[in-house]
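What follows is subunit A paired twice: with subunit B in the first complex and subunit C in the second.
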Partner chain A sequence: MWSVEGGTEEFQPEQEEKMEKSEQAAAAFPPSFSVSEIKNKQRRHLMFMKFKQEKRKQKLQLKKKKKKEREALGDKAPPKEVPKTIENQRVYDETTVNPEDEEVAFDEGTDEFCSYFNGLTNPKVLITTSDRPRGRTVRFCEQLATVIPNAYVYYRRGLALKRVVPQCIARNFTYVMVVNEDRKVPNGLVLCHLPDGPTAHFKVSSVRLRKEMKRRGKEPTEHSPEVILNNFSTRLGHSIGRLFAALFPQDPQFVGRQVATFHNQRDFIFFRFHRYIFKNEKKVGIQELGPRFTLKLRSLQKGTFDSKFGEYEWVLKVSLSAVTVFFKMQEELCCLI
Partner chain B sequence: MQHDDVIWDIIGNKQFCSFKVKTKSQNFCRNEYNITGLCNRSSCPLANSQYATIREEKGQCFLYMKVIERAAFPAKMWEKVKLSKNYEKALEQIDENLIYWPRFIRHKCKQRFTKITQYLIRMRKLVLKRQRKLVPLSRKVERREKRKEEKALIAAQLDNAIEKELLERLKQGTYGDIYNFPVHAFDRALEQQDEESEEEEEDEEEEEEDDEDVGKSEFVAEDEVEESDLSDFEEMNKLRTSSDEEEQESSEEEEEEEMEVETKASKSKGKSPANGSAARKKRAYVEIEYEQETEPTPKSRAT
Partner chain C sequence: MGDTSRLCSVWLGSETGILKGVSLSRKQAFNFCNTSHLSRDQEVRALCWGDPAESELLVGSVDGTVKTFSTEKGSFTETRRCGDPADGCFTGLAVLRGSALVSCVECGTLRVWKEDSSEPVTELSAGKNVCRMRQSPVHPHKVATGGKENGLKIWDLESPEKPVFTAKNLRDDWLDLRRPHWVRDMAFIPGTDKVVTCTGYHQVHVFDPSSPQRRPVLEVEYGEYPLTALSLTASGDTVVVGNTHGQIALLDLRKGLVRGCLKGLVGGVRGLQCHPSQPVVASCGLDRFLRIHSLEDRKLQHKVYLKSRLNCLLFSSRDLEEPAGEGGAQEVKEEEEGDEVWDSMERVEEKPKRKTTEEEEELQKKKSKKKKKN
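== the complex of A and B ==
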């Protein structure tokens, strides 16, 4: 009896295998059984794994076949299909800035940054935190001060921002940066351009300090870095881009070979600080120094910091339902469903 | 009739009082008219027919008084007196209203009034200061944002983007003359180098072809001798297993030594053989491992 039972057990998987193979051979009609109908969990699992393997094999075979066909056709082969990405599927946004647009140029000539871009003022940045900052935030502020030339870190000591701002204006500061802290970790950034400039409030995430970087180089030097601003193409993106650009002095010192990058991707702004070296014409090596963090714009206010009476130019709207997503800062408006 | 003692006997110790809160060390009274907040015989508003309290509403303090004459009219039991905003005047008012009342109640009323004014002052001060606003985070939103950020980071390909941008800036000449990579000259130099290396390859191939013939013609004569000599060298065996290649190697030793010296004059002896082998693989011919070690073989052959 025992041997017979053993035999039947062995038989069954074989039978099922055969059935599977026959089904796959005759792929036209649907299988007479589905994997989910087997009551035994172990066996069901086994069958499912086999099913998956078969699928994978088929996929591989299909790929190989396609590749062969491509090679066989040579030049006449149809062009490779490009996978769909969010960046590909964007709907064109009307607010994209055309660099030769007169209106935009006129606006930029007369807005709050014109004095900077005309070379009249040099940036002077005040970095501070919210009340009672903890170690990580303090270190972050210090490192930011090394990255941004002409930056000063001051302790907050419970002062109201509304009173800080006029004092800064009196002392010729052009920027106030307030790093907000929550549970010993920086999580927000208020960037206020001073003589009645716009105020941007960002959410800060994934802060990596210098000592946490892999293969980082020596300390950033005192040379003014170059600035790279990627993908700030809509009107809103343009104004934020100018906000960042005005943080750094107009003339970067190429001797220092340092570059600060603000890269906007899907409304997340990634900040990186590198040292670069040109190995030859076509190759450049970059080494990451400096802290890295990501920003996400929460609101843009017209005047200086005023939470109650300020005029908000743009506010991030968070929708709990997963239906619509809009990217406001990058090239096109994207609506994902 | 109002029997305070009986009431206290019941609610204080033996039976249930709904206002009583028991803790390990003390009993508290949650009755809003209680003057001290503790559950005591003298502070219980239910067990005392003559009672007074101070309560505040919206920043205004009132003195509440209860007397036994009004015990039968619950709606009119508590007499409410508005106290002045001036601290001293209010204290005088309390004294005036509670004249001839028990010392305990008068004292406790004044104490309570002092505490209330103090906390009202602190509240007013706090409103003027900056207050921390706690903003609730939606967990769902946070999780989604985190994931989106990761995806955006992958899509951004930061290193590539930065490198591209830098190279473009170099091309456009924003760096001026700092870097000596003039475009045309460099390309020309590259082309020249390519030509030279091609010529070299052709020359060497021709020489090797000659060597091949030479090797082949010697194949028959020196077969046994070479194999026995070469089998001692472990490196030879590692590199090439076939005897033909070894023979070619041995025959080409001297010529290849010279060529190696020509092509890699700058590099050290130790390194050149290895590089020589890497370069030579493209030409599909054979490389010597170490020049030094192959030198003794001609001597052995001679002897």
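== the complex of A and C ==
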């Protein structure tokens, strides 16, 4: 029962409603019709709104029906379905490190950080930037130097990193940290462990300097902070976790009550620096000091900085599908102090 | 121990000194270690088959020893001292008929060792900074070496004074500057005399010793990163190359075009090999995974996590999926003493679920039969 006016596809909305109600569900519209074929924008909009309202109504009706059925069944009702979240759908990563694994323990015991973890070397960090840094980056570097004990900030006079690295090794530095700047804002970090260690390249975002922090405490003192590393549980996570841990001296000075946290969640590493105080046995108060920033690993290269000819242990590949390659670094809690 | 080693179809050497065998049909990886005490000195740098029957593996380590591993017994049978660690790591191991061993180290010294003596029978110097040495599968006494600023040289071990073929560097570029060259891996093309090499400046060259031209006959460029590993397919016209970023590509040698890429590897490629008979290629690298791709549709077939960085790999010639040594499988149930900590491995693979569809078909058949009866 179609009344076609003048051979065009236009018709009045009210007429169409009547047609909808009167006709069978099978023949509501000619099969190839869709709302987008109406040329008139207002009418098309109205049709679409109606379509959405219909859908919403149907959905509500379905929900009510299900709820009624559920109540009717009472105890015998099937259990409620759990909604799918990214955390639920995550595939178990087979590279998660088992703490008792001997092979991995041997690998870590003899890798590039073993001299630090065996207590033989103390960290000495060189912080620098890309060439001609602007105010924000300079202040960021200065604040980083207060957070990391035994850190020195140097102005990068346009020197090539490959030439800086052997000079640092000669002066017993253990780390080179290069903060890259783009449009007056720090956006990258190259962390190179010195004698022959891995080089990690991170993307830095959300940098908040001390001035911008709300309710912050006073300046951090010279005491070495404690280090908390959260969720670095896969093999790659372990390497990165050790990279961060080796920045700070091995024995933290608990007198200072300062703690630096690297929290890894969904492949983003959040850095926070706090001062804590125990009010009584169960309550702790914390004050955030110091800069905060987030990091995302872009590549981990074996050997000192050599982006052209170095061998990469891990490279972030953007083209692979997000769901399968997500969360390369985390699984459960893995604390290291 | 011998049962597990007989099952393995892929052998890999790791940086921690452990020889790993992977059995794809049983989806398991096994570790074989010489001593109970691991050390970085034992880092495996070169692997090769000890004999054509593939019952023995020769494992070359950083400290200059070459160990023989028997796949029948599943343990290391002997150790030989083949050079100083000061010379550099092994860059190639090969076996000549008559149980002679050819070894090449990074400083360029190529030595031929006989079974009994501790002194090399033949010694020659292949230049400095040799990155790789490979033996020709057709003529076992011909070996090729190449390295950083050290072009491809083909040596005949029976007349070791001069190389049979020395490659010339490429022509100077458009600024008349000398082109640097760095040969990282090479392979002999079966059927002809040609040799294909891959360089650290992301080029793949084909050399033809029989032609008067000492420069490469064919040059192909791929990617922007140094190519570290190379392998020829069984057919001989396609080559698989891998670079430091984990990109693996199939290149066609007739025209020099990229046929396709194999996805999945995230770390630098250290070892690549095509299976001698089946169209599959295995890759291993710094990301601690063994990946097996099929060459026809370039899909990932198997992925095995092995906990250390892998340096080199070897295929055994038999079929990958073949469950060899089934009789021994029942005896494997006894625990091996040191190895129970090492067992693992699930294989990631998508198998078409045929069972459900078969059941459905049966149900449908039954229904139709019932209807007919009724």
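FYI, the second predicted complex is superposed on the first by the 238 of 337 C-alpha atoms of A that agree within 3 Å, B and C clash if a C-alpha of one lies under 4 Å from a C-alpha of the other, contacts with A are read in each partner's own complex, and residues count from 1 in each chain.
The rule is simple: a residue touches a chain if its C-beta (ideal position, glycine included) is under 8 Å from a C-beta of that chain, and two chains touch if they have at least 3 such contacts.
A quick note: this is a predicted structure, and the numbers were derived from the prediction, not measured.
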Open item on the list: With both complexes superposed on chain A, which partner does A:Phe106 reach: first (subunit B), second (subunit C), both or neither?
Closed with: second
Open item on the list: One more residue to check, A:Tyr155. First (subunit B), second (subunit C), both or neither?
Closed with: neither
Task: Residue contacts on subunit A - larger count, subunit B or subunit C - done: B
TODO: State whether A:Phe33 touches subunit B only (first), subunit C only (second), both chains, or neither.
DONE: neither
TODO: Could you tell me if A:Asn280 is touching subunit B, subunit C, both of them or neither one (first, second, both, neither)?
DONE: first
TODO: Considering only the touch criterion stated at the top, classify A:Phe48 as touching first (subunit B), second (subunit C), both, or neither.
DONE: neither
Open item on the list: Under the contact rule defined above, give the subunit A residues that sit at the interface with subunit B and also at the interface with subunit C.
Closed with: 320
Task: Touching residues on subunit A, where the partner in the complex is subunit B - done: 85-87, 131, 158, 160-161, 205-206, 226, 228, 230, 254-255, 259, 261, 263, 265-268, 270, 272, 274, 276, 278, 280-282, 284, 286, 294, 296, 318, 320, 322
Task: Of all residues in subunit A, those that touch subunit C in their complex - done: 94-95, 100-104, 106-107, 110, 235, 302, 308-315, 317, 320
TODO: Spell out the part of subunit B that touches subunit A in their complex, as residue ranges.
DONE: 129-130, 132, 138, 140-141, 144-146, 148-149, 151-153, 155-156, 158-159, 161-163, 165-167, 169-170, 175-176, 178-179, 181, 183, 186
- [ ] Give every residue of subunit C touching subunit A within the complex, in rising order.
- [x] 15-16, 18, 31, 38-40, 200, 225-226, 228, 244-246, 263, 266-268, 286-288, 305, 307-309, 341-342, 346
